[in-house]
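Letters A, B, C and D mark the chains as written, and numbering starts fresh at 1 in each.
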Amino acid sequence: MQKLYPDAAAALDGLLFDGMTICAGGFGLCGIPERLIDAIQASGVKDLTIASNNAGIDNEGLGKLLRTRQVKKMISSYVGENKEFERQYLAGELEVEFCPQGTLAERCRAGGAGIPGFYTKTGVGTKVAEGKEVKNFDGQDYILERGIFADLAIVKAWRADESGNLQFRKTARNFNQPMATAAKICVVEVEEIVPTGSMDPDAIHLPSIYAKRMIVGAPYDKKIEFRTTRQREAA
Amino acid sequence: MQKLYPDAAAALDGLLFDGMTICAGGFGLCGIPERLIDAIQASGVKDLTIASNNAGIDNEGLGKLLRTRQVKKMISSYVGENKEFERQYLAGELEVEFCPQGTLAERCRAGGAGIPGFYTKTGVGTKVAEGKEVKNFDGQDYILERGIFADLAIVKAWRADESGNLQFRKTARNFNQPMATAAKICVVEVEEIVPTGSMDPDAIHLPSIYAKRMIVGAPYDKKIEFRTTRQREAA
Amino acid sequence: MPWDRNQIAARAAQELRDGYYVNLGIGIPTLVANNIPAGMTVTLQSENGMLGIGPFPYDDEVDPDLINAGKQTISELASTSYFSSSDSFAMIRGGHIDLTVLGAMEIAENGDIANWMIPGKMIKGMGGAMDLVAGVKKIIVVMEHNSKAGDPKFIPACTLPLTGKNVVDMIITDLCVFHRVDHDSPFRLIELAPGVTAEEVRAKTTAHYEEALVAA
Amino acid sequence: MPWDRNQIAARAAQELRDGYYVNLGIGIPTLVANNIPAGMTVTLQSENGMLGIGPFPYDDEVDPDLINAGKQTISELASTSYFSSSDSFAMIRGGHIDLTVLGAMEIAENGDIANWMIPGKMIKGMGGAMDLVAGVKKIIVVMEHNSKAGDPKFIPACTLPLTGKNVVDMIITDLCVFHRVDHDSPFRLIELAPGVTAEEVRAKTTAHYEEALVAA
């Protein structure tokens, strides 16, 4: 069973179709599946619904697919820092479902775990609750949120072993972990493939069952949105 | 902030009361909080409701609390291998809520995650569904299961650092991870305390926020229920 | 001659495909692991939180922290990963496991399965069986065709409390194989053990099924 | 003299307790981290999946894989752990975080908060704010007492779309501190910035509140 593909186009072969739903990992530009986004852009597939916490920035990350007008709808919690997004959204060309960040993460985790709906306090009494079932548990109101299970998940991991076990690095784990579980098929890009057996089996973030196709996307640029530093004190 | 206590009795001081609900980690006798169970037995607290996948075996694990009649009700998925349990249960002295194993794990994970209820296919059309709300999502029926959030969680980890970050070992992780999150306070017993900073921050199974009190319970016996082995071929 | 337990397991193993992730129940299902075709990668899941189950350990390798869902000591493989019970059943319930093989006391012609309790007897609990039959993509039941008393076990409707409703895809007994293409279709008899006749199966089965045997 | 931004943050820091796990929003809330009392262990959570936020990195330590929820580069501590967004918000929604400090555009006298959208303007999204106000044990809002136009921000009822309903426990402005003991009680004015009078607060506030100032 060979999970490793030569490149992103090959790994996505046969999986893309107009109108499909995609779960895309990453937070801001941290831990985004850069190569797979590029290949989706190159494929020309359109009318996409994309669940992703953010929508990239102008011409970075999912911003690339916005620029080429391949996206019909975004399901996101925060879409600042993106002029083209703003233009399309205000012009009514792009549909946006705003979803609280924790609810979005949980909806993907739930969808991947066979849970079609769950109740949460988040958003009770706000615009987010509009049109949603409200149920009272033990004296408190909660709203029903739906699981998300997409046609395809695209995620970025740090390392994979040949069997598909994945490890993420620092805060680049973010949405990649739940989203990898929340689709019919998950394609993963990694910085490095290591031999099976070289990861501590107690330190695997996502068992091999989720990564169905993999590519090595290195070398990575890893763009930084806000570079903040402090000064070393003079010796 | 000192989380380490000298022994199990000290770590449980002020937390036990008659009629309370406890989430107890472990699967069979694997990864059970032995020292904390002993201290609960010694405390004499009674009328306990305990959520635990199993109920120990005769005089091992939670079997000890059954023997002393401190348990009013068990929420479990499998209670075989336990004669005293069987006796009390058949005599109507012990209440049992059978809960499918995955539903039990998810109910604890949900309770710890602020989710009071979720829908699952598991148990639809069976005795488990009796009295539960059924809802149809996309043409399929699901039942509503409730989150569990106990007064106390008792779990066993392999290692903790001084700040309370936890690592489990192999299949002893099991229910310990979700149950540690599913109570007002979680007390943890570990085999070893290591200095803060000696664990890889990408390889921590449960962040320090959950372990409020800790003890070192070593040395451990680690009883085996079914010792199964194979023979080395002759050289 | 009807199939023995190992032959039933071997027949179930024919349903494996390269790359499958599989959960095996206790008893005959466990024997499926010994019948994985050479060259095929099949990864076994244990619902207590492990993917990549190895063989029973050598005596000096036994580790109390390393057991399967039957609480037997096991070993790990190079590809093994460990995770929590909640993550394990997220995997099961979420439909990520390709196949499960498990035993049953009764199967109904509509795909219902009963394998966890007998009213009036001590109830031990369903363990993970209800989650497995609800969540796994393909459900294969392996069982003796008839009970020790000779009663059919593949029957019009289950008499015992259900483990799952309309979930079974394939039944492999010591006599034959039943399969259905989807959960709206009837079971079809597709294969007989050597020397077993369709008449014998008919005589020993009360469930309705179709016959779709291919001439050998 | 009203409190400046750092003094507001310092006042919020007085609500910290040893062992607290805290989530700080962007802006004035971030300054709370600089005011943690010496000898007190307070662990900062970042909702993108980190517990134990360190200071901004030195220039040669910057790591694109290590950012906070404001997408700023940060550093790690000895006690740091990383986890997924779903585990992070399980922690937040599940009530495990002791305290959050965040900004607001409007607070209503019933504890409602609005801080995520202004109708007619570009909506950027609520990020994690709705989860934080719904889940964290204690919610402290830090804000200027009045808007730049001079309008009160602590008002009888929010006019902007809500972030959370009846969730705020304490309000710290440049002028004073309001607190309520529980979510069924009215806010009480408990403290004034140096030189600020109760009359001035009354004049600049339209929300109903009680006065419970302790003589200095």
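What we mean here is this: a contact is a pair of C-beta atoms (placed from the backbone, for glycine too) under 8 Å apart; a residue touches a chain by one contact, two chains touch by 3 or more.
Here the structure is a predicted model, which is why all the values come from computation and not from measurement.
Counting C-beta pairs in contact, does A-D beat A-C or the other way around?
A-D
What whole-Å value do you get for the distance between subunit A and subunit D if each is reduced to the mean of its CA atoms?
28
How many angstrom between the C-alpha centroids of subunit D and subunit B?
One centre to the other, that is 35 Å.
Rounded to a whole Å, what is the gap between the Cα centroids of subunit A and subunit B?
Centre separation, subunit A to subunit B: 32 Å.
For subunit D, jot down the residues that touch at least 2 other chains.
As it turns out, subunit D has residues touching two or more other chains at 76, 82-83, 89-90, 92-93, 134-135.
Could you list which residues of subunit A touch at least two other chains?
Only 106, 109, 113-115, 120-121, 168-170, 173, 201-202, 205 qualify.
Applying that definition of touch, give me each pair of chains that meets it.
Touching chain pairs, listed by label, come out as A-B, A-C, A-D, B-C, B-D.
Which residues of subunit A touch subunit C once you look at their complex with the stated criterion?
Against subunit C, the touching part of subunit A is residues 1, 109, 111-115, 161, 163, 165, 181, 196-197, 201-202, 204, 207-210.
Note which residues of subunit A are touching subunit D in the complex, please.
The contact residues of subunit A facing subunit D are 27-31, 53, 76-80, 86, 89-90, 96, 98, 100-106, 108-109, 120-128, 158, 168-178, 205, 222-232.
Show me the residue ranges of subunit B that touch subunit A in the complex, using the header's touch definition.
106, 110, 113-121, 135, 137-138, 140, 142, 146, 167-170, 173, 200-203, 205
Please give the residue numbers of subunit C that touch subunit A in the complex, ascending.
Within the complex, subunit C touches subunit A at residues 18-19, 21, 41, 43, 45, 51-52, 76, 78-83, 89-97, 134-135.
In their complex, what parts of subunit D are in touch with subunit A?
The contact residues of subunit D facing subunit A are 46-50, 55-59, 62-68, 70-74, 76, 82-90, 92-93, 112, 117, 122-131, 134-135, 161-166.
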